[in-house]
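Labels run A, B and C following the written order; every chain starts at residue 1.
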Amino acid sequence: MIHRILALATAVTLGTAVLAEEMKLAVTTSFENSGLADVLLPAIKEDLGLDVQLLVVGTGQALRLGQAGDVDAILVHSRTAEEAFVAEGYGTHRREIMYNDFVFIGPAGDPAGIAVAGSAAEALQRISAAEPAFVSRGDESGTHKKERALWAEAGLSPETFGAWYREVGAGMGASLNTAAGLDAYILADRASWLNFGNPAGLALLYSGAPALFNQYAFLAVNPERHSHVRHDLAVQLEGWLTSRRAADLINGYTINGETLFIFNAGPE
Amino acid sequence: MNDIYDGLLSAFWLVVTLDADLLEISLRSLQVSLTALVIASAIALPLGTLLAIRRFRYRRLTISLLNALMGLPPVVVGLLVYILLSRSGPLGVLGLLFTPTAMIIAQVIIITPLIASITHQAMRELWAEYHDLLISLNTSGWQRIRTLIWDGRRNLLTASLAGFGRAIGEVGAIMIVGGNIDNATRVLTTAIALETGKGDFALALALGFVLIALAIGINVAIHWLSRTEREGRW
Amino acid sequence: MVSSILPLTLTDVAVRRRGKTLLGPVDLSLEATGLTIIIGPNGSGKTTLLRAMHGVERLSTGAVRWSVPDEQAQHRQAYVFQTPIMLRRSVADNLRYPLQLLRLPRAEIGARVADWLARIGLEERASLQATRLSGGEKQRLAIARALIRRPDVLFLDEPCANLDGASTRAIEALLQAALDEKTRIIMTTHDLGQARRLASDAIFMLHGVVHEAGSAARFFGAPCTEELEAFFRGDIIA
């Protein structure tokens, strides 16, 4: 029995190592939590014979991994940071792939009354006026950067907030767990929210405003900076991610009947 | 309470259906932690014994250092190993980051001081007991170490098992240096962190129960295998 | 047997620890045969003297010399400690251990171990963990483990302390047998009866020095010093 298990394990490890090429892609937690990777990765393996190993981290760390050359490409959602990454020569270029949107989650009773807000900025102003518990990612992730941009747009600065504003410094899932525990408001991406298994007393309260769109982009790490990166594989992957096949899979991905991502990669 | 019940139930089903993913990450957990254990023991057992019987200049300093390292937070170890192994780091050319080897390195660093320290404690007692006899019998240094390791093997086993327990249950360091990559570096603890992040407490708990069962299983198995004397003294 | 490592000569031997003199100065010479008993009140330096002779005590001054180089002499003597030190192994493995250190052939080790198990009456308990033996059995095992290398000289520190009559008799029989095989024995004891039964010569220690010494008949029959006489009477000697 033990021998069979070991043989199987060896076969699996050796099998993948011999047959397929491997590359490392740093992605954001929100992407991984959406479950889309489970649809895309097998298809990539099938079409390209390519094993994409995902490193699931916040956007901040993903960019650092790219800068250090520890991954071959990154897929993140924080436009300003991405453009800086390319401008500093760490990435060859930035290619938009798809978008989803952010949503405001909060206690189902909505004590701050954001459900009837006219804009994302107004929703935040209502929250800061009512001062209910609010959980912030606080981890320099794309979602965290988006949240701060939204506060700025609303003319508010989180540094001045009281104890009701809590930076947890954790991933999307962990932050949602915290919010559920505190019955707090939180900004989340729609995919993570729909896939979240522990909503407790929380509900989706506000969404759909254009300010909440969440653009994902693919950046291959610059081989001139790091000669060991598999730029060839990164280019292959980019080609696939912007193909018709990827478009169908991305647009067709739903959770509870809701479409999560909209493919918007343009021709090069 | 419901979550725990669900967790137990899912753990049961995962195990009885020999879930392929579970099997893979459990085997990887074992592979990484057992390899780390073997390497760490090979360093720590003779080192701890030597510290117990040899008087040398920096002995006290070495022992204090060992005890301090024992309390080293795994995350810090992970971060240091990460910086060393990163492509931009001094050992970047080896390309070891985000591989099981990197995880083994981190675990060896975490558990070696622990095993060496426990070994030192146990061997110090045994040496106090044996000291006069072994001196009187005119034993060489190497014979002393061998005698102590052999007669103290049960204590050393306990030391090693403590190291194994810490290695297999560790998450902070291997998350950083392993990256929790599916099919490559995902082990039980990082999978638990991931599932907790997704709010899937039942699956996370199920994996937790499998981890506990594995740790207990290994302990029992090793003790059972090592019970050479007829009458157990435990 | 090769030439004996005796006589043993101690010249100006002293042991001092933290400014306190535990032993010495001692000048002493021990001849090649017999059983020397060392007696004296507690703290008089009996054990320290024994350890100094065996070479396991660091000397502050003086020297301990055998008739052969130290290296050789060390291999041909054995020491039995007051509290027998049992290796955490079986009874048979305890006997095997000193022979294994010498890398003797397996067959010879086996034969000698079997012989000594019989001599100390522990054949039945050969595979028992030595730490589980009774006090008397432990002491017998320790003596057998010392004698199994056939040493020229055997040191014993209070071998019968805290033992009952039967155990003491068994141990004295072992020592008598060793004497018959020409083993030189040097031992300390608190038991004056035992001292009289076994000694061929005796040493009386007081305040770290040799207060009186001589052949057994003279030593026990006609003590020269008041202190030894008082000691025999059972007085407390300050």
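One rule holds for everything that comes next: contacts are C-beta pairs under 8 Å (C-beta built on N, C-alpha and C of every residue); 3 or more make two chains touch, one makes a residue touch a chain.
In UniProt terms, the chains line up like this: A = Tungsten ABC transporter substrate-binding protein; B = ABC transporter permease; C = ABC transporter ATP-binding protein.
Predicted model, so just to flag it, every value in this text is computed and none were measured.
Colleague: What topology does the chain contact graph adopt: line, ring, star, complete, or other?
Modeller: Shape of the chain contacts: a line, open at both ends.
Colleague: Please identify which chain has its centre, taken as the mean of its CA atoms, farthest from the centre of subunit A.
Modeller: C
Colleague: Taking the mean of all protein CA atoms as the centre, name the chain whose own CA mean is closest to it.
Modeller: Central chain is B.
Colleague: From the C-alpha centre of subunit B (ABC transporter permease) to that of subunit C, how far is it in Å?
Modeller: A distance of 47 Å separates the two centres.
Colleague: I'd like to verify one number: the distance from the centre of subunit A to the centre of subunit C, where each centre is the average of its C-alpha atoms, in whole angstrom.
Modeller: Chain centroid spacing, subunit A to subunit C, equals 80 Å.
Colleague: Could you work out how far the Cα centre of subunit A sits from that of subunit B (ABC transporter permease), in whole Å?
Modeller: 34
Colleague: Give the residues of subunit A that touch two or more other chains, as numbers and ranges in rising order.
Modeller: Touching at least two other chains: none.
Colleague: Quick check on subunit C: which residues sit in contact with 2+ other chains?
Modeller: Residues of subunit C never touch two or more of the other chains.
Colleague: Residues of subunit B (ABC transporter permease) that contact two or more other chains, please.
Modeller: Nothing qualifies.
Colleague: Hey, which residues of subunit B (ABC transporter permease) end up touching subunit C in the complex?
Modeller: 126, 129-130, 132-133, 135-139, 143, 147, 151-152, 229-231, 233
Colleague: Which of the residues in subunit C come into contact with subunit B (ABC transporter permease) in the complex?
Modeller: For subunit C paired with subunit B (ABC transporter permease), touching residues are 54, 56, 74-75, 78-79, 81, 85, 87-90, 97-98, 101, 127-129, 132.
Colleague: Under the stated contact criterion, what part of subunit A meets subunit B (ABC transporter permease) in this complex?
Modeller: 5-6, 8-9, 12, 16, 22, 24, 29, 33, 51, 53-56, 67-70, 171-174, 176-177, 180, 195-199, 226, 228
Colleague: So in the complex, which bits of subunit B (ABC transporter permease) are touching subunit A?
Modeller: These residues of subunit B (ABC transporter permease) touch subunit A: 23-24, 27, 86-89, 92, 95, 97-98, 179-184, 194, 196-201.
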